[in-house]
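Next come two complexes, and both contain chain A; in the first it sits with chain B, in the second with chain C.
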Partner chain A sequence: MSSCGNPIAEDAALMPRRFKFDKVRDCIKCKLNPGNIVIRHAVYCKDCLTPLVTLKFRRALEPLVNASSGTSKRPKLKASGSLTLGFSGGLGSSVLLDIVYKTYFANQPSVDPSGEPRGGANHPRNTNVWSSCAVCYVEVCNAFTETRDRTEEIRTALAPYPKFDFIPLRLEDAFDASWWSKVATTPDQSQLGLELGKDGLCTEGFHLAACPTLPPAAALRSYLASLPTQTAVSSAIKVIVRLLLLYTARSRQSSHLLLGTSLTTLSISLVSSISQGGGHSILEELQEEWTCGGESTTSEKLNVIRVVRPLRDVTMKECAAFGWWNSIAVVGRDKQARASAGIPGLTQDFIVGLEKDYPSTVSTIARTCAKLEPKSASRGSCILCQRPLQEGLEDWKNRISIRSYSDAKLTSDLCHLPLLAPFGASELSTPPHQPPSILTHLCYSCQATFTSRSSRGPKPAPSSIDVSGALPLSTPLPVWVSANHTRPHVAHEELVMSANGEIWYQKKQGEAENQSVVAKFLLDT
Partner chain B sequence: MSTIDLTIEFGGGLELLFGNVRSHAVSLPTRVPASNSTTLSPPVSTTKPADVDYLIHHLRDHVLKERPELFMEGDTVRPGILVLINDTDWELEGEGSYQLCDCDEIVFISTLHGG
Partner chain C sequence: MAPASCALCQNAKAILKRPKTGQQICKECFFFVFETEIHHTITQAALFKPGDRVAIGASGGKDSTVLAYVMKTLNERYNYGLDLYLLSIDEGITGYRDDSLQTVKRNQLQYNMPLKILSYEELYGWTMDAIVSEIGKKNNCTFCGVFRRQALDRGASSLNVDHVVTGHNADDIAETVLMNIMRGDIARLGRCTMICTQGEDTIKRSKPFKYAYEKEIVMYAYFKKLDYFSTECIYSPDAYRGHARTFLKDLEAARPSAIIDIIHSGEAFEVRDDVKATQKPQQTCKRCGYMSSNELCKACTLLEGLERGVANSVITDKARKKLDAMGPAPDNLRTIPIFRSPLPAVSIESSQDQ
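Showing the complex of A and B:
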């Protein structure tokens, strides 16, 4: 076995440089043209790359277009609702936008000699797969200082796609009652907030409390500033963006929400999500069927929104080359505005570096995660991120955590309040001063978002988040957190705030439960 | 000293680091220091033909407006930046050791600007 020697001492000892492509420089697809790009050791020419990317896009999307697969091997594509497309101005979403437009919306139906569509305007051949498409952009500038509003740049970038409706959203819409009234039918209770522990140590429970009414942008900043780490801030922004898109899609009766996540960014988000405690909902990170509150009733089956990532088999390098050779404008964003601080940023650096040296490993991450299944069953959905809620989470946490102090006074001082009973389990025995806990309604990932403390000490004064003035005692929550408690089919419980700021439970009892309560008072007939 | 003229393009949002200008015309000497030093120092003994490695250092030192760490890592471009030399992936052309010719078009495309 030959040795590489000492590369510093002897130049000749360096190993010969390996090429990053297999065998020849010609395109492996057409075998005619000289290659232009190397994709996972395979060489493609410019002409073959575009159909290759389009094919991967269609292969990922089209099996999920029709509501039911039916029996036909090649069913005619017809979605049950409209289409919503999440657009960030980044590379992946710009490529996605262009492909969707050219594939499903740009082509006009063929016309007969009289100029009318062949077979008539209502002929199935002449109808689009989706009736309409809305492009949603979420502006995040109010979450960061020194970040400018790019909404108008995005509007300009969408000018070449006139058949798409542009819906500008803002991150602070998540705290805006007027936005909520447009997209949802349930009443707004945005005056509810999250009460943290006295010293910010909120490991012993989260309590819904009265929250002073703040303007949406201030509420957003207050919410982000209350989070303990930069990782938590990135994670919270990602959750808010996702739910803003989903609720907007629902308000437009959309059947599909498309995201421009490429294979590389999918691998990054999978690893990042697992490392932040989101392993239970790893399949939702790949592909999701979302209904408000997580459980669909019969009447809501039609309102299921499929979240699809059609570029999940296309690497970022393919996207970049495709975009460049097809003259697709990419607006681009600052690193700060991409909310990639903390674990997401570190994961991105790791995986992008990995892709450079070992291009095939990135697809291995995504394919391996697609085979994973959660170990335990789900019970409903998390009220914050609306992903599946793990069964027995509290029991598991109680088993692995040291959660009691020997000194009762210290306990009281540090934890503000003792651990509460599960939500709605014993309302009658709950002391009147004790606010309701939402602990059991949060998934592990969201609990970690609120509680994880950096091993390097507390979060430094946020340079990227402008916190003007002192934080209020309770932190505002996104509007859907409290609003979803009013949904009778999710939980027969309701949070109501009275005029004097008290929070009440209302619980609708079932008929059997009613009968058992009054049974001893009933007269035998 | 003879020079070579190059057209440099930036895409995928990378132009934000270069004053938001997508296209630049750059002239480089045909022989450059082997150390890739771009400072105007006395003539060095060890030189090499101008290559992409030197071009990257030149762009960082003379064209880049902000945050060099988002453009370079070590002696090469940051992972996640695709480099095309005359419309061909630089991995097919020998990456940084590709010797530049007059009128070459070099494109840098960032893939790191989100999904």
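Showing the complex of A and C:
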């Protein structure tokens, strides 16, 4: 990169410069074969690329396989649960599927001269790292009008991997009580919805409303249609896919969820997340330890699911070459189905374009973000995306912008507003009584998803989203939002809807709180 | 369709849509919220105390012109008790800076503030025109950026001020967050969202427009009919930063909150302690006394390269090796005058508004 971009740079602050080997003809690894591909200023031959990618894969995954690292430098790999693999049909997940299968499932135990497994079939050496592996595919065709159902194509593509179980999911499962009852221990009590304005979601308040029970696909379409921007739609789909995979993994007692995110797509999602205000949960974009509802209690430690991206050091170019040279079939995805409109799409175009001129940029982005951590503590998790919830979000927003003159902090300032000088602040808009809001239980990114509008006015009815049918007065939320098991982690409260549609906060009092209530009535003993 | 009424006062006709909030508001409310938000930014971060001498970095452009106007307005309205000065740096760019400095001179009269102009030629013995003729247009921003930062501190020192405020706006900060992530500059990433920075022996620097959108600054200047200079620097072909700026504008077009969302992200994370521990401690340049992370500060290194005919020595490895091979700098080499801070030495610290 040109130093123009960094006029006051100190050498020490920048990444060390890599040596460049892209002017040589031979592979820099074996130094024998002529090179076939240039990866970030280094030439590799076809034979060396496959072990290189596999090595990067193992280096990223294996330190995270065992529940605890122990004291051994090379511990025997044994996961505490089964394996779930998120499969989109794209390049990264196809490469991941192939490597996982060949590395951990296809290999038969080594046999002795008699043909029996060495040490016996039950010898620890001959057991698999994971007991089983499920491949989950989330079909998104019901979110878009011009997208076909690819479930059967995916099933066919998985035929060469007979040891994997195939679990087809659908995006609308997020609004389906029957799916929820299969994956969750707590029943979905009611379908909560968000109040709608005349052109989609109201930008202020996020008030809850009773929601008519819709068929899952209609509920999904209503939800996506109510969102204000294409960015919000892409972001919402990404959140739903992630949580469908996580809940499915949990229902199978999985200890790991593997995703085929390459270095390039990881950098895209990091920059995209930062651009949508997701700085507080930047580490979760890299690697996540998920428990249902956020913070894990001691008993839930066993249920932690590690979300690992084993291809996080492998660029898209390496994935493409690996897939091609190893004859890996890639089903591919429609551009729409990649949920890449708005900011995610712009970021993808930007990073992929930049990678051509500055090949090290994607690696730099990922390595830089890996050096960061949240500045402040979290208070539970967001009820929508179930990522860490930052404290003081509303205070921050109120500090940086004035959205209403009814704000108490403006009392002394309003006298400087000529038109309103004769009026008191109390005479300005006083908010009427409102139903409960989920605002304080949403992270910054999810708040932006619901409220942040385009400068070009309301989102046009997109051709990519089927909005057939009139919008109802409220739009449903994914089942995990209304399911009460997510609530205990947010101030120990639950949202409950009564039979007549009223919404209640139900608060569970702890023992210490109970004691404090009765403390003054107790005699010293 | 009938024009909407102002979303804030509900009385007047809305004439603009705020990029920051998406609200349609009237002109008077826009002036009020724009100025009051800046006031809140200043007071919540406790940037100044009564009696402070504050220099406003003035280039004649829209940001610094609006900053000078708003600082004067708020100083009078809220009785900050500040002594305000205009401080301009003349980089020596014919056809650009000489014209913009005429605007600053008019601002001096309009706002009734003392003006100090410090030139690169006076301080370093080189104008940017001369530097560009030596190094070409490609990497000249490196020289200009390094020299300007030090020139601002030296100008502030000569004015004996406590504080320099600059017109960096929300768009600039969001762009810097993205740039620092893309080039792996973790040291700057950690501090680029701070509203106020202060290093040892340097004067406090603040960005009161940290949360002000560039578009709103332009609108403010337009509606207030402020006198500003609006030409891009003729030597700014910065390809990499240009990519980032275009990207940010695309993001803003897709969702205007993207700018404030990026700043929020930048404020929400920090560099891990174990990574911070590997960074070099700050020291003092052995040649000019300015803060530096190496024996020689960046400005002295750049000036040495220029003086010895190897201006590219900080740009390419080949030129750096050539400079090293030439041996130590001769005694008669032109150097930057010794920097003397008006402030007592303090430990490195920063204040933040969060």
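A few remarks follow.
The working rule: the second predicted complex is superposed on the first by the 437 of 525 C-alpha atoms of A that agree within 3 Å, B and C clash if a C-alpha of one lies under 4 Å from a C-alpha of the other, contacts with A are read in each partner's own complex, and residues count from 1 in each chain.
Everything below uses one rule, namely that contacts are C-beta pairs under 8 Å (C-beta built on N, C-alpha and C of every residue); 3 or more make two chains touch, one makes a residue touch a chain.
The structure displayed is predicted, hence computed values, not measured ones.
When the two complexes are superposed, the chain touching more residues of chain A, out of chain B and chain C, is C. Contacts of A:T364 after superposition: chain C is touched, whereas chain B is not reached. Of the two partner chains, neither chain B nor chain C is touched by A:A225.
Of the two partner chains, neither chain B nor chain C is touched by A:L52. By the touch criterion stated above, A:L64 is placed in contact with neither chain B nor chain C.
After overlaying the two complexes on the shared chain, residue contacts for A:A217 are found with neither chain B nor chain C. When the shared chain is aligned, no partner comes close enough to touch A:A42: not chain B, not chain C. In the superposition on chain A, contact is made by A:K375 with chain C only, not with chain B. The residues of chain A shared by its contacts with chain B and with chain C are 353. Residue ranges of chain B in contact with chain A, taken from their complex: 11-16, 70, 79-80, 82, 84, 87-89, 91-92, 107, 109-115. Across the complex, chain A meets chain C through its residues 1-15, 203, 229-231, 270-271, 273-280, 282, 342-343, 346-347, 350, 353-354, 358, 361, 364-365, 367-369, 371-376, 390, 396, 399-405, 409-410, 413, 416-420, 428-429, 444-445, 448, 452-456.
The residues of chain A lying in touch with chain B in their complex are 19-21, 25, 34-38, 43, 46, 88-93, 259-262, 264-265, 311, 316-317, 319-321, 323-325, 330-335, 338, 348-349, 352-353, 355-356. Of all the residues in chain C, the ones that touch chain A in their complex are 8-12, 17, 19-23, 26, 28-29, 32-33, 35-37, 39-41, 44, 77, 138-146, 149, 177-189, 211, 237-241, 243-244, 247, 250-258, 260-262, 264-272, 275, 279-280, 293-294, 298, 314-315, 353-354.
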